[in-house]
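Before we start, here is the structure in question, set down as structure tokens.
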Amino acid sequence: MDLDALYQDIILDHYKNPHGKGLREEFEAEVHHVNPTCGDEITLRVHIEDGRVADVSYDSQGCSISQASASVLYELVHGKPVDEAMAIHAKFQELMQGKGQVEPDEDVLEDGIAFAGVAKFPARVKCALLSWMAWKDATVQSIGQTGAAGGNQEEKA
Amino acid sequence: MTAALSLPGLLSDLAVIRQDFPILERTLAGDRPLVYLDSANTSQKPQVVIDTMVDHLERHNANIARAMHQLGAEATEAFEAGRDKVAAFLGAPSRDEVIFTKNASEALNLVANVLAWKGPFQVGEGDDVVITEMEHHSNIVPWQLLSQRTGASLKWFGLTDGGELDLSNIDELITERTKVVAFTWVSNMLGTINPVAELTRRAHAVGALVVVDASQAAPQLPIDLSAMVPEERPDFVVFTGHKVVGPTGIGVLWGRGDLLEQLPPFLGGGEMIATVTMEKSTYAGIPHRFEAGTPPIVEAVGLGAAVEYLGHIGLDRIHAHEQAITAYALEGLQTIKGLTVMGPLDATQRGGAISFELEGVHPHDIAQVLDSRGVAVRAGHHCAKPAHQRFGVQASTRMSSYLYTTPAEIDALVEGLEYTRSYFKLG
Amino acid sequence: MTAALSLPGLLSDLAVIRQDFPILERTLAGDRPLVYLDSANTSQKPQVVIDTMVDHLERHNANIARAMHQLGAEATEAFEAGRDKVAAFLGAPSRDEVIFTKNASEALNLVANVLAWKGPFQVGEGDDVVITEMEHHSNIVPWQLLSQRTGASLKWFGLTDGGELDLSNIDELITERTKVVAFTWVSNMLGTINPVAELTRRAHAVGALVVVDASQAAPQLPIDLSAMVPEERPDFVVFTGHKVVGPTGIGVLWGRGDLLEQLPPFLGGGEMIATVTMEKSTYAGIPHRFEAGTPPIVEAVGLGAAVEYLGHIGLDRIHAHEQAITAYALEGLQTIKGLTVMGPLDATQRGGAISFELEGVHPHDIAQVLDSRGVAVRAGHHCAKPAHQRFGVQASTRMSSYLYTTPAEIDALVEGLEYTRSYFKLG
Amino acid sequence: MDLDALYQDIILDHYKNPHGKGLREEFEAEVHHVNPTCGDEITLRVHIEDGRVADVSYDSQGCSISQASASVLYELVHGKPVDEAMAIHAKFQELMQGKGQVEPDEDVLEDGIAFAGVAKFPARVKCALLSWMAWKDATVQSIGQTGAAGGNQEEKA
């Protein structure tokens, strides 16, 4: 197994210095997701304003992959229109579930491309997706609350 | 009678298929070749199922889900591939609707048990549960326990003299009070095939849940849940691994996903939780929510290989084979003086289990004499006492064939029955 | 560190024993030999267990009890011989007290579930059930469900900082209100061995039933129920097949015969009945009363071979081996900077599962790096979330040895952990 | 398998012409036993008088072995002192559970020796013992009721 494919420097950097971490006060929805298999946990809040992801704040516990993934999530979606953020979500999920066969699009996923290696480790895919699933859940809830357009509610996981 | 090797419908590659089953080469006491006609009780196992299990144990054994090492990943993949194969076998709308239990009995009990607890489908006083007089005990006792424990009433479909469900009073049986209708797809005693679509439609019309025991159907009828229209698709379908050339220790509950999600938990423990604290626990999503503890891992791997094996041969072809053998057997049995077949006499309208009586000899004694000639059949109540009582008998003899059964084996049965008559000096 | 092949207590025939386990010859990705240190999760299987199962499937497969033909008699005998061997393994006062379940979780749920129903031991409002903070989820959730469903209160023994049960408030916990005391013999996370005799005596003094989860004890401690004085003998003892070198799909509930006879049925169906009529059913005697449906036949045959295999080697010798390996591992682990072992540090006072933390690296990441070197350990909560919470951690890494573990494998673990530290650039 | 070892003529004779069959009115205890495996059933009544088995009456359904065994039971115990009947019971049970290794004592078991062959067929031993177990159960109950001495109550199955 090629460890370095999994633990890319970008991932270890995000792990050591997570972006956007901490729970902030402005939010419409808060969710708590766990990975029952290993116990990784995340509490995540989403604040939507004018159809944009104004903030994603979170508190999480888990391995380097799950922590780095939350940090990358924050970087990729905060400030983006909800639609665009959902599209990024879809791309990231596709990459993760592609068993290492999907070529990541750096323009869309930026630092997220470092997770291409994770897709080859089936047991770790859930770690990488934990925060992303929580984000989608909270975003759909936020949109429901604020009545803001643009969210694809039917897609709710 | 001579072996009719060219019966229409017979598996063309029967001789090759038989070679897949090592036990068929066994000789028994007295150097008799084995004539195994007890497949409705349990089926024999092809080499590929055994080998797949051995390979798993010798090379990939580990606990699943929780283990993140290489063996753990391999074991998890093999186990979940078993689920995929079972889902494909049933044509399940979603693989997550396939829950592994220890056998069909546990699957039926699971449903009956969780309906006793608080939730949107809780059964209680004033509610009816409807079953039939031809059920296997495993689809009777769980509902008796549920009604005793909740105060619900248990109602029964009766049987016609021909061994069919008596639907004449269906309007009195299936009413707004009905919460559950549970019945067998194919009777393990009478062979009767029940009208699943019609019964399900009627039950759904009053908002009842439908539980179908497919323990005898899954081995011999093609099942495609996705192809059923929702009104006619049962809510739960159950079968057991060991009757579909798979191992013991595993059964299957397929359930409608949205229902399963709303049911309270059955067994609690590892694997079925989302989180556990001293104050409270939350539960995982389906299917894991209903799979407490280490699941039957090597059994799921074996069952996957088993249903894949059946799929390769083709359920349509297996069904045709069963019908051909059943027709041939019904014909042969009826040549025997004093023998009465119970259940439908038209092979195209029934499954492959044939129960019969032979005047003047008790079923145990018949089975014993047949056994002395290597012919294995079942004698007794076949876990269907109410159905036996319905026909005024306490026990019967049952032959049951499967994809490896030959016409020559039916001949051996018929000859054995003639011998039984002479052994017991019946005129 | 160098492999200390001459540790006192080590199995003298360790090299030969390892040859019994085909999986130990596997090489993993990167041509690494397998170093399997996840035996508390599931154990590997010796050839004799696999071969016995294969022989059963290839030559003796039939359903049991109900089948009276030759194969049926052979299968029944093989299955019931499995029960005899398990009874001998536990020193059970009677073989009929040995009930086969699908795993340890089902066995624990069985007891918790039947206590909800009418009967002399029914648990209800005002009653207490007492468990401990170090239980596996499978010995927590069933009792949470029981108390939620009956209104009983769930009480917990806490833990000391050293990972022992905190017995200081035992008089407040075990009172006349106590109906059940359930606890693990050996912790699967901390390795702690609990004082079964003392706790049982205390619980019996107030008339409570005692349920002992021996899932981690059975693999490594000699158990002799007959040798225990009745006041100190638990009422129920549970373990699981796959952790004692047996197959998945089978677990064991041993219960005091007179108690079992008085408990209401758990699952209903074939095999567990005396007679079934439409009006009512009566139930078979033990053990069959609690074994609804086709039991795990080939699994019982395999489990019989497994406990016999352990018996031939000798549980005393296996226990000594585990202690030797555990002592060696505790020593090696403590040489690693930033590593903290959870639970007792004296190998003679604990079982062979060792959970630890390594400052600066998450358990998953540790397990991943170790896995890249062929070393299989478990990372996560090990189905013991409350115990992890007690120690303020969310997850830990666990190594667990068994009779096939060598000191060299412990060396590989320790080296792997050093490598992990350097890989994650810890100073 | 040697069928003739199982179906001795004595057995077939008792099967065709069972002795003592039918339920009679004088009795202290009635029991109903079933063989759950195959469904064989017996209803059996015992009448004890002056420490003797004054009558054993029964109604039963089942195979040749179970029917013949009830008939032989009747012949062997009716009219005997309870103690002696219990001793015969013990002998018969020993024979049945002996896996074909026990030499039957014709002086005690009379026609019962024909069941020596049954002991070699494990699946049929239960058939042969059904009526005997029922008799013992009923006898112990009868003794309890009449307070008659001689029964070994502790041995209750």
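The letters A, B, C and D name the chains in turn, as written, and every chain counts its residues from 1.
By definition in this document, contacts are C-beta pairs under 8 Å (C-beta built on N, C-alpha and C of every residue); 3 or more make two chains touch, one makes a residue touch a chain.
None of these values were measured; they are calculated from a predicted model.
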item	value
Label of the chain whose CA centroid is most distant from the centroid of chain B	A
Whole-Å separation of chain centres (CA-atom averages), chain C against chain D	45
Distance between chain centroids, defined by C-alpha means - chain A, chain C (Å)	38
Inter-chain centre distance, chain B versus chain C - centres from mean C-alpha coordinates, in Å	32
Chain D residues counted as touching two or more neighbouring chains	1, 37-39, 41, 124
For chain B, residues that touch 2 or more chains besides their own	29, 66, 68, 70, 72, 271, 273, 275, 364, 368, 371, 379-380, 385
Overall pattern in which the protein chains touch one another (line/ring/star/complete/other)	other
All touching chain pairs, where touch follows the definition stated at the start	A-B, A-C, B-C, B-D, C-D
For the chain A and chain B complex, residues of the former touching the latter	1, 34, 36-39, 41, 122-124
Parts of chain B lying in touch with chain A, wherever the complex brings them together	65-66, 68, 70, 72-73, 76-77, 271, 273-275, 284, 288
Contact footprint of chain A on chain C as seen in their complex	29-30, 362-365, 368-369, 371-372, 379-381, 385, 388, 394-395, 423-424
Sites on chain A touched by chain C in the complex	1-3, 6-7, 12, 37-41, 61-65, 67, 121, 124, 127
Chain C contact footprint on chain B (complex, rising order)	22-23, 26, 28-29, 34, 36, 38, 41-42, 44-45, 49-50, 53-54, 57-63, 66-72, 101-106, 108-109, 112-113, 117, 133, 136-142, 144-145, 149, 156, 240, 242, 247-251, 265, 267-273, 275-278, 280-281, 292-299, 364, 367-368, 370-371, 374-380, 382-383, 385-386, 389
